[in-house]
Structures are given as structure tokens and as C-alpha cells.
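As C-alpha cells, the structure follows; a few thoughts come after it.
As written, the chains take the letters A, B, C, D and E, and residue 1 is the first residue of each chain.
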Amino acid sequence: GSGASGPDPVKLLVFGAPEELGAYRTLIEAYQDARPGERVQLIEASDRKDLLARLATSVAGGAPPDVFLMNYRFYGQFAAKGVVEPLDQRIAGSTLDPADYHPVAMDAFKWEGAQLCLPQNVSSLAVYYNRTLFTRYGVPEPKAGWTWNDLVGTATAMTRDARGLVIKGTEAEGAARLPAVHGLGVEPSIIRLAPLVWSNGGEIVDDPVKPTRLALDSPAAREALKNLIDLRQAYGVVPSDAEVEAEDDESRFLNGRLAMLMTSRRATTNFRTITGFEWDVAPMPVYRQPVGVLHSDAYCMTTGSKNKDAAWRFMEYAMSADGQRIIAATGRTVPSHIEVSRSPAFLDPDQPPRNSQVFLDAIPTVRALPTVSTWPEIEDLSYGILENAIHRGDRLDDVIRELDVKSRPMFARGEHG
Amino acid sequence: MLAPYLVGLVGLMLLPALVTLALAFTEYDLLRPPTWVGLDNLTALVDDPIFRVALLNSLVFAVVAVPLRVLVALGLALLLHRRAPGVGTARTATLLPTAVPEIAYGLLWLWLFNPLYGPINQLLRLGGEHGLTVLGRTPPPWLTDPTSARAGIILMSLFTMGETFVVLLAARRALPRDVYEMAALEDATGWDVFRRITLPLMAPVLALLAVRDAIASLHFTFVPAFVVTDGGPPPYATTYLSLFVYQTGFEYLRYGYAAAATLVMMLLTVAALLVQWRLIRRYRRFYQV
Amino acid sequence: MSGLTLAGVSAAYRDATVLHEVDLAARPGELLVVLGPSGAGKSTVLRVVAGLEPATTGRVHIAGRDVTDLRPGLRNVSMVFQSYALFPHLSVAENIAFGLEVRDVPRRTARERARAAAETVGCAGLLGRRPGQLSGGERQRVALARALVREPDVFLLDEPLSNLDLTLRVEMRAELRALHDRLGATMVHVTHDQTEALVLADRIAVLRDGRVEQVGTPEQIWRTPASTFVARFVGSPAMNLLPADAAVCRTGDAPPLPEQPLEVGFRPEAVTLDAAEGTPATVDRVEVIGEDAYAYLTLAAGHRVVARVPAARRPARDESVRVGVRWADAHLFHADSGRRYVP
Amino acid sequence: MPERAARLWRTLGAAFVLLVFVPPLLLLVAGSLTEPGLPPSPTPQLVPDPLSTTGYQRAVELGGLLRASLNSVLVAVLAVPLSVLVAALAGFALARLAPRTTTVVVAASLVALMVPATALLVPRFAIFRFLGLTDTLVPLIAPALLGTSPLYVLVYYLAFRAVPADLYDACLVADLSPLRTWWRVALPLVRPVTAGITALTFVLTWSNFLDPLIYVYDRDLFTLPLALRSLSLLDPTNFPVFLAGAVLATVPALVVFALAQRRFLRPDD
Amino acid sequence: MSGLTLAGVSAAYRDATVLHEVDLAARPGELLVVLGPSGAGKSTVLRVVAGLEPATTGRVHIAGRDVTDLRPGLRNVSMVFQSYALFPHLSVAENIAFGLEVRDVPRRTARERARAAAETVGCAGLLGRRPGQLSGGERQRVALARALVREPDVFLLDEPLSNLDLTLRVEMRAELRALHDRLGATMVHVTHDQTEALVLADRIAVLRDGRVEQVGTPEQIWRTPASTFVARFVGSPAMNLLPADAAVCRTGDAPPLPEQPLEVGFRPEAVTLDAAEGTPATVDRVEVIGEDAYAYLTLAAGHRVVARVPAARRPARDESVRVGVRWADAHLFHADSGRRYVP
């Protein structure tokens, strides 16, 4: 840092695709314009794994970034290990008012009672759909309050071959006709499964505060899981593994060959490049009661930061209405700032999806996944097992048992907040 | 003259490696100071199903890919060691994949392996109907099927045997020509010549390359597994030791545990090395003049 | 019993022609030595016969068969390579038996015949060793044994003695000749050592720049060299060569010289230093080699001449002597072509 | 003629090799020239329709490829010669030193060869931080200190050992210092080895991915592999953009390889 | 002017001692030839002098200085290596000037002296070429020029002619001797070729298995070999060696033999075949080499003897002859030690 006039810049570690990183650069520029003299350096990782490797190495090496952006599902391991600076005192002495933010997001980043990070967004799952396709095939669009059966019915009706005829994707295995359009895209992951289980009255883990095992063996959870698997195994409305490998769901949707896609707000940025058809979002289907799953990233300050005051000032800005608006402009986030989330910055009717309100409506029903320090391992493990279940059709009992047996040691090693 | 290298070797290789290996006996998450746990990590590894899978994958890779790589390189070296029209170009072509940056190479294959749109399967489907090959079978799903994914990674590694090829080419060209003429005079068949002359004469070089490849095989699985398959298809079809170490160390922050895996990996390499060394020694006897 | 004929054979490496329409024949049972300086194309002759290089023109016959287009393995020749070409990874026994084993002779028979061949050349004690553990002389014997283990139509031996030191060379060349006499086989032996050629050969073919300069018995080559090249190449120090009209004292019966540009050649042995009315000369230098001494002289007219004298009666350096040439032992050559002058 | 037949077979073999090794790279180029954003074509297209260089433009804009190339070039320009120099010096020293020293260093190098890169990241990071070198390009150049890979030092060692000892002795008699012997005699004699090692070092340095990932923060210091990595996260319809990046990253390595290849495989037949 | 002394020098590779307390001296301006069979340790002697191998015992003096512990560069010697050790990547001119340039002689001066040295050995026309483009003989000259460009205290030449063919060898050895005479430098020349040693040397040191067997002028070596080894190593075909009491006819002045186990040696030149009352023998084989012929005989008692006869008067194979030995030219050796018998 020789020759630099001011203090060292605040180092902000984030990851994302090139477009997302662009948004952070805009945020930083705005901040530096607004506060002359402040300097922030963006450290770009390309994906979560990159970010983890960088963060861990730099902490171990004693030169951590000052601020990093982290999903609440993964911040547990850092929180548990005292790497993240508690912010309560700073919040108390600043203009930032916790009440301005959606509490569900704020709560997700409390560790042993202390506020460790400040959530930048409060997203949840929704069903994106290709309205043009629905119109073409005369299938009713999904609407609030629809059930799982509605979803399956709609997806089945939307799975079509090249001539536009309804087709069952399972028959297509290795046969002459492949679906040209699939009814639904959904990832076989815990985070997709969770809201379905919850909605059906089940639980993902035995104890949301101090989980010791996955609790998918309850009848409610079993049913939700079975229904998820049946999407592929019984109805063939979701693309096969080879098809996913060939073209992932997001680009399948982009290319107009996926009727519905269950994903978070994150996809919006990408979908706004769509010109060939009209699309919108619908809320998640419901089993018994509507429940959403929280998707939230937060700015965290490292305890090892040498530049905490400046880092805090940047965090304040990023969390402020101004800062949130800038990130919201990318379309990829649901701002955690209540006011901003209700402003045109988020709900702009000129920008698709028209029905962004779906995300706001979901917030009251949103639940967070447990924060365990070993959660990343558990997610990776369960992803593999679930993927096989969906695409290979493993026996449901085996799947549940395998998930349980293999994840137990991970829970045992985990630390909780 | 040795000084810069020694500084690098000790400062950037041996010392860091030693630190990491020492951490194998601690519990260390990179975030808090390490705590001594003795052999706990090593005993835990023994029971770790993922580690066992990774170990098995690595061994299978080494056992299949290393000889294949050497054989392919040998075949190409024997094919291309003498002049003929096109041979020079073919030699350069053989080196092409080695010249592509690893990450680009990995992603190139990701595209080549694409089960529906990838050029490989499109090629396999040529002449067939309804997405089948000429033989009426479905083309391999590559990265979604464990066996074909492993085969795919081996295939990828086969294409980057440029270094081995160069060394073997040089070795073959260094073999005395008169010995081959002698064999021609005796009317030895091509197979006889290969079995009785070429193979034994190149055995030391082949063994050396096998040693090097065996050492390196633990490393050159990393990028393909990291970039192309991400250790999958599920559960851990292409999780090799190198990827296992990276994941446990940097994604799950169990650095001490990963270090223990590294230790095991290096011990295995040493063992393999010793075995091969004995083989080489047996051959070396023949060549002392 | 079977001979060898090369008729108008040319050969080339890349674009450089190294053999020019060579005609050469070895009679059945004959030991033909091909002699020539380094690079003359001697090895190339053998390689063409063996089929290792193609002949660009001409035909090769072995034992009456035209083998020009046959691959080496079918020509039924045995070759000792200039470099021995032993297989470094095979034992001596395996080396010798190689040719039999690839011909699918049963292993046991092959080993027995290998042992017999090894005994013939006196290397039966080495059968278990590898070439790397042999001295140069021993390797040569192994290479020879490998050639002898079969019964080919022709043996081709490429400078099989060149890497040995003098003592060993003298020994081996006697053995080789004895071997030939015992086997009665057709042999082509290549060398650049004139002594070896003179000692071994039934007939010698002198090769120069890919052309046959002369073919004849050792006696013919020595006594009636066909050209100045042959004359100077055979014999050491080389034959003296002067313009025929140079002023030298001719002793003995000396007919008048014909009226055309000629050169006269005479070996150091034909020069006498005590001729009564010889040409005056000064001694530049004297080399003593055991019982013989060679005096390097400059004649009054400036020509340089070497004379062989008994070491005991050698002149001193710078001494003045009188030189005579035994004209009966002198040779005449055309000054322009260098070919022998035949009156 | 048997020789002519053999040549024909070899040519056929060479053609086969070309057929296997060249198409992937041609497809890479073809793919990079496809219009981004279009659904993937169901058949391989050697000449994409429509032909478009948009991929290249987007790759340069999105990935900051220009800046990254500059950094990569900077690293390569500094690291490759340094690395080759270090390896050549060390290899020479090994070839000339007492056998005992040599044995120790060779053994240590073999051990170093076995160390997986992942085992080095963290301790190295601590070292570089201690030296205040993180977030500079120095950690990317530093591996040059060990000749990029101990393997190359060993290769040099073997090459220098193969130089006739008489030549070194002649230098001793002429009272040449070891350094001058190395520069004037040894190095020129192993030029093909140097060419080969330079090429391989270049490729390794050029495609080094893990080191910049860990040691480099500043986007302005990103090297090509990092830039490529971020391009690789683009969605599949933008694959041409990534392929364009890959082509751009491959071309320099290919050029270096082709140049070097002519040197180390030339002395022919 | 400056000599060279080795006093009690031993040398070893690994654990094998190859020189055993060698005492050797070359007087200033002398041309000393070290002669011995392959593997005798000749090259090792030169390497110890040059400082390329350490002496395990003994001291080496050059020009009066004790150089035993000096590094090679400081001993002021020039060496022609057995392999020439030309730098393949440098032109002939650069090769020759190499030793000067590293001594920081200005480039221009170095080039001029290189040219002068090249002219001395007759390779000035090759200055621009690289060693790979030279023939063996030309390379040898370049190596020589490189040694000559400096003015060292001692020249060390390791078999500089061994790779040349006979004609070239004869030529070069004359040039080498002339060069020595012109320079008046101290030279140590190593060879296994006895002819070369006899022709070139002021004095010859015969080496055998790392020990000096005899040192003397060529005349002494030839006339009074100190042991059967020297006797048989020098001369070709080798000296005949029989038990002194073998039944051979002695011609000339033949004193009675002393009463102890002795061997008698006599060269083929000392054998006459026409002795009136000679020992009966049969001719096994005759080798004709130009004017000379060597008859290989078996004496009645079974001993084998070689005789040199004029080619014109050679016996036929299997002919019976009567053999006499000129006793004046015979040598006596102790049968047990092989050392010369001195009455």
C-alpha cells in the first residue's frame, strides 16, 4: 500500500456472474461519489466455492477482506468460528434502524443473540412461467393459492413435443419423441424441497435451533419428497438429467422450452434479457398452508478487519435506501429494506415480471433453514442423493435413510448459533 | 547457482508442505488456531466413506489412465517417429491439447461432452435415427452417468499426454537404427520387433514416465473434476483425492482433516514410487556399459 | 554354394548418389574384400546387398536369384554391422539365437546352435553376459557368431575389426580367414584398412567415391594398381608419384619413356639411397619404425620422395644422399586420367 | 517397395491423428464464432450460421479480457524467463556438484513433485502476507523460483549430465568460471531442452488458475484464467462468449508451442 | 621453457586405483609419448596433470611449480582431448579463440591469434564452419589449434590421431612432429599406436595397468625392451617368445645361455627361413603385405613362430622350411617376472 494517500480501501468480497459483479461496482462508485475520500475495493470471486476458498485462506493467512457478502445458509461456519464481527453496538450508535428491514432476514443473521451481518435482500422461491406458451396451448396460468396437484396438472399439460402435442416425458426415455417443451424445472436440492415439506406440515431437521439430523422420515416430509421425485419419475414433466446436463433449466426457460421454473428472485436479471416471449412469476404452490423459504445474503464484517470503521460506513451505505435501490435495480434482489422493497425500485411495472408483488407477499410466510456450521457439507451431500432419487428413481425409503445416516456425522460435527 | 532454486524449493514447496503435513495432526478450520488431535484425523479418514470413494476413484484412475496415457503416447511416438508426409503436422497436433490453458480445456470438454448438443454425441448419432447411434443404442450420457463420467475424465487426460509423447518420441529416435536393420535382416515380424526390441529398449523411459504420471495423476484429476464434473455425477463418481482435499479444506473448512488426506495421498505416492523404483532398478542393470 | 552379383547398381541417400553403377561379383566360396577410404560407399554396397537401402538402378543377384525387390528378411544373408548392432537388452546367447527364434526354430534347438556358433568364434564362455559387459573384441565375436549361426547364401561383414587395437586385430584377422576357409562360404568383407585387405582377401575391390576403381587379387592390386588412386591408397607410406620426366636416376632395366604426359609411381621400397650415380637429394626427416626406417627426401628438382631403408643404415637428417629408383618396380600412369599406362 | 508402403502407412496414421486431435479445437473456434444467445444447434457446425464475432466483443467487455491478457502477459514475461533461468542454473549446478549434494536435492525435488498444489495454498498465503506481497502479481511470479515445477529442474539436470564431460573439462582447463561455463557452453548445447521447457513453463504459467484465485484480489490484477473462469459462469446460451475467451487465451500458448516445437523436434532423420 | 614431473602419483576412480605411484618426467621442450594398451591409465595421467582428477598420492610439478593442489585453470596447460571436446555450437574460429576470450583478451586480438593458430595447423580455411561440418581429420586440427593458440607450459595431447584413417594419420603425425620441433614446446602425447609412438617420440613411457613399465627413447624401447610386455606390445606382428631352451637354430654370434629359467624373444625380422642347418618347421599360413610377407610357422617342437620374409621370396603354405634366429637380435627375459635379463 505504499504511495497511496488515504487509508487502505475497504475490501469487499463478493461473488457472482459478470453482470452481478457489475452491480456491485455501480454500488461502490455511487458510494465513493457520495462520500468523497472513502475507497472500496471489490474482490471478485466467480462462484461460492471461489469465495469460500478465498475467504478461508485470507483469514488463515491473517489478511481477511473487511466485508464479505454471504448467504445465511453458509455463514454459519464463519459465525461459529468467531470470524464475523458482531454489529449490535455499531447499529446502536448509527442511523441504521433495524426496524427498517424485514425481520425475517435480520433474524437469520443473528448468532447466539447477536446481529452478525446485515441482510442485503430477502428473497424466496417463486414459480416463473412463460406466459406466451401458456397462452399458445390454452392452459390456465398459475395463480395464488394453487396446490401441488394444480402444479402437477399444469406441468403435465405444458409438457409438449415438437408438434405441440402433450407428451409424457417418461415415455420419451430413449424413445423416438423427446419433449420440446417441459412443464417444469426444479432443482433437486434441500432448499427447493424445504418450503414444500414445511407447507405440508413437515420439518427438514429435527430441531430448527439445534438440529441433530434430517427429519425427512415424517409422513408429511415423505409425501412432499415423493411428490417432488414423481415429477420426474411418474410424470416426466421435468427434464431428465441428461437434458439438464445438456442445457440447464435457466437457459431452457430463456430459450422458451420450459413452461415453468421454480427458482428465486435471482433469475430475474437474466430473464429480463428475454425478448421472444412474455413471462411472469407466480407464488409457490401450497399443500396445507403457504410457507416460503428464505433466500438472503448479508454483508458481514470480519473480526480480523483492520479497517472496521470504514467498513462499517460502507455497510451503512449499502444498507441504506440509496444503496439498496442500486442493487435492486439489477432486478436480482428483493431488497431487505422494507420501504425500498415497496418502492418502484423493486416493483417497477415497466420491468418484468409484472407480478413482483409475489415476492413481497411471500415474506410473512418465509422460514429460514437452520444455521449449522456444517450446512454446506449437508447441502452438497443431500444434493447428490436427491439428484439420484429424482433422475435414477432410487427407492424412497433408501433415499431417506441414506440422507439421514450420512448427514448425521455432519450434524454432530456442526456448531449452532 | 543452486541458491535461487533452493530458496524456492524450500521456501515455496517443502516448508509449506511440511506445515500442511504437520497440520494433519491437528484440528484446524483455517479460522481459529489449530488444536492438536494426534492421529484422530487419520483414524477418522479410515471410516470416512467419501474419502474411501475418493481414494478408490484416484487409484482406479491411476491404474487405468496412467498406463493408457503412456500407451497412447507410446503408440503415437512409434507412429510418428519417422518422417512421412503429414507426420510433422501430426506431431504438432498431438501437442495442441497440452497447449490449451487448463480451465479452457476443462470447459471445452464440458461442451464436447454435452449429452445432447455436444459434438461427440452428435458425431456418435450420425447416421442413426431418433437420437440413437447407428447401432441403435443411446449415446453415452457422459457426465450424468458414473461410468461414462469416469471414462470421460480419463479420455480428457489422454488428450493431454503431450509431454509424455515428446519424451517418448525423443527416446524412440535415440534408439540405435542398426538394431532394427538387424532385425529386418532376420526377417522378424513387426510384432516380434515390438515385443523383443522396442519395448525392452524403451522400458526404462517408459517406467520413468509411468512414475511421473503416477505422481502427477493425483494432480491432473483436479481441474477436470473441479471444472467439468464437480465431483459428480452423484454421489461421488469423480470425486478424486485432489478434489476431496480441496473441498474438505476450503469449502468445508476442515483443513486439518484435508491435510491428513494429503498425507495419505503422499504416502501412497511414495509407496507407488518405491515399487516402480524397484522395477526400474531391475531394468537398469541391463543398460550399464 | 552361392555367389553374389551386383550389376550396374546405383544407390542414393536423399538426392546424393553415393554408388554409381557398381558392377561387382563374388564367386561362390570367395572372400571378397571391399576396400576404400572413409565415405567411399563401402557400407552402402553391403546395405544394398542386404536390402536395407534400395538400389536406384541395377540388379542384385544372390545365389542366382534376383533379389533386387525382395525385402531384407527374404534375401538369406547374414550381416555383421560396422557397429555390431547387438541387442543391448539380450544376453549373448539370446543375441546369437535371435535370428533363429524369430524364424520359429524351437527354443532348445536354437540355443544349441547358438552355443555351437559361439564355440566356433571362441566366445562360448560369455553366453550369459550382456553386450554391455563385454570388451570390444568380445562384442565383435558375438556379432560374428550371430552371423554364423545361420547358413546364409552370403556373409556380409562391415569393418568387423576396425574397433580393435592392433594386437587384437592381427589375431582376429587370422581367425576370420581360418573361419572362411573352414566354412567355404561366400563372404564380402568391407574395410578401409589396406593391410587387412591384403592379408584376408581372395580378391579386393577398391572403391572410390561410389565407383569401383579396380578389382583383383591382392597381388594384382599391389603389383599392378589400375590407377594412381589405388596405387597411393594401398601401401604406407603412400607410393611416390612424380612426373615421368622428373630427373630421377633409374636403376636396373629402364626402357625409354613413351612420348606422352605420364606420371611415374614407385613405392618407398623401390627407392635406394646408395645408388652410385643417383639423383642428389637431402633428407628432411627420418621415421624409424622398428627395423625399418622411412626417409623423407627432397630431390634436387624439388620433388618429395619417401624411401624405405633398414633402420640400421638410415641416413641422418639433413644429410645429402643420392637417390635411385628400381625401375622394374615403377608404375606408369596417364598424367591426365590417372589410369595405368599400358604400353 | 516396402519403404514406400511404410511411409504410406505412416501418413495414414498421421492423418488419423490429425483427425482425432484437430477437430475439438476447430469446433472450439467454430463455437466461438457462433452468435451468442441462440439456442444450441442440434448438429455440429464447422461454419456457424450466422457467423458472428459478437462472442469476442462480449468476452472482451464482460470478462475484462484485455486487462487480464495484459496481466497474464506481464506475469509470463517476468516469470517464464526467470523460471527457465532458475531451472537451468539449478539443473546445471546439480549436474556439476558432488553426487551426494545432487542426490539430496534430487530426492527433495521428487518429494516436492508429489506435493499437491492445494496443500501449499494456505502456508504460502501466510508467507506472502508476511512479505506484504498479497494482492500483487508477485505470488504468481514466485513459482518461477522453483523453475515452476521441480520436474523441469530434473529435466535440465539430465540434459546437462548428458553433455560430454570433456566439454566441461575443456572449460576447466581454460579456467572458465562455472557461471560462464553454463552460459557459454552448457546452455547453448541444450537449446532444444530450453525450447521445450520454455513452452511448457509458458503454458503452465499462462494457465495457472489456483494461484491467482487465492492471491489476487484486485480485478485489475486478474489474469486470463480468472477472467475465463468468470466467463464460464455465463449461462449456456452465452457459451460462444466463453469459447471466444478460451480461443483468445489459447492462441498465445499455441503460438509459443508451435515456435518451440519446431526447435525441440527439429533434428530430424 | 618448462618441464613436467610426476612424483609417486596415484589416482583412483571411486575405489578403483588406476595409477599406482607413477614417476614420470618430461624435460623442457621434450615430446614424451605415453604408450599403452586400452585401459592402461594413459588418459588418467593427462587428467591428473591437467588437474581434472585429483592425485591421491604424490606431487605434480609443472615448470618447477608444485601444482598438485591448484585448480585446472591455474596450471597453464593446454589439452587436446581424446574426443576433441570441440564446442558444437561455436564456429571453428570461436572454438579456437575460446581460451583467449575467457581470459579477457580483447576480441580483435583473440581473433587474430586464432587465425594464426589455424594457419599453423592448416585449417585457416575452415574458420567459419561449425564442428559438425568438419571431417574427423579437420576436427583434430581445430582441437590442436585451440591448444596452440595459447602459450602454455605443457601441451597435453590425448590420442589426437586415433580416429583418423591410415593415410590421414601418417600425414598428421608428420605435421605434429614438425610443429613440436618448430615450437620447441613440452608435449605429452598419449597413444596406443606403437607406430605413432616410435615415429613421434623423443622418449616413450610404456604404461601397463597404471604402472610405468619402461621409459626410454624409441630406439631403447625397440632394441632393449625392459619386459616381455613391452617387447610384445611394440612391433607387429608381436615378438616371438619361446622358452630359452627351446630347440631353435641360433645364427650369428650365440653365447651360451645362463643357467636359469629364461625366455627368449625375437622379432619376425630376426627369423631367417633359409638357414642351412635351421630348425625344421612347417608353414601354417602366409600373410602378404605389399613387399613384405609374414610366415606363420610351427616348429618341430610345437612352438609357433612368425617370420618376416620378402614377399617375392615367401614360402608356400604347408611348405617345410628351416628356421634360424639371428641371435644378435634376440632378447632374454626372466621366465618368472618377465623382466629383461641383464647378464
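Throughout what follows, a contact is a pair of C-beta atoms (placed from the backbone, for glycine too) under 8 Å apart; a residue touches a chain by one contact, two chains touch by 3 or more.
As the structure is a computational prediction, the values presented were derived from the model and not from experiment.
Participant: Provide the labels of all chains in contact with subunit A and in contact with subunit E.
Facilitator: D
Participant: Which chain's C-alpha centroid is most distant from that of subunit C?
Facilitator: Taking each chain's C-alpha mean as its centre, the farthest from subunit C is A.
Participant: Roughly how far is subunit A from subunit C, centre to centre by C-alpha average, rounded to an integer in Å?
Facilitator: Using C-alpha averages as centres, the distance is 91 Å.
Participant: Please report how many Å separate the Cα centroid of subunit A from that of subunit D, as a whole number.
Facilitator: Chain centroid spacing, subunit A to subunit D, equals 39 Å.
Participant: Can you compute the centre-to-centre distance for subunit B and subunit C, using the mean CA position of each chain? Integer Å is fine.
Facilitator: Taking the mean C-alpha position of each chain, the two centres sit 56 Å apart.
Participant: Of all the residues in subunit B, which ones touch at least 2 other chains?
Facilitator: In subunit B, residues 30, 114, 116-117, 246, 250, 255 touch at least two other chains, as defined above.
Participant: If a residue has to touch 2 or more other chains to count, which residues of subunit E qualify?
Facilitator: none
Participant: Touching at least two other chains at once: which residues of subunit D meet that condition?
Facilitator: Residue numbers touching two or more other chains: 40, 121-122, 229, 232.
Participant: How about subunit D: which of its residues touch subunit E in the complex?
Facilitator: Counting only subunit D, the residues touching subunit E are 164, 166-167, 169-170, 172-176, 180, 184-185, 188-189, 191.
Participant: Per the contact definition, I'd like the list of subunit B residues that touch subunit C in the complex.
Facilitator: For subunit B paired with subunit C, touching residues are 176, 178-179, 181-189, 192, 196-197, 200-201, 203, 286-289.
Participant: Spell out the residues on subunit D that touch subunit B in their complex, using ranges where they run on.
Facilitator: Contact set of subunit D toward subunit B: 6-8, 10-11, 13-15, 17-18, 21-25, 27-28, 31, 40-44, 86-87, 89-90, 92-94, 97, 105, 108-124, 127, 142-147, 150-151, 153, 178-179, 182, 196, 199-200, 203, 206-207, 209, 224-225, 228-229, 232, 239, 242-243, 245-246, 249-250, 253-254, 256-258, 261, 264-265, 268-269.
Participant: Once bound in the complex, which stretches of subunit C touch subunit E?
Facilitator: Answer in residue numbers: 37-38, 165-167, 170, 174, 177-178, 192-195, 198-199, 218-219, 222, 232-238, 267, 269, 285, 287-291, 296.
Participant: Which residues of subunit B touch subunit A once you look at their complex with the stated criterion?
Facilitator: 29-32, 49, 114-118, 130-132, 138, 141-144, 232-236, 246-247, 250-253, 255
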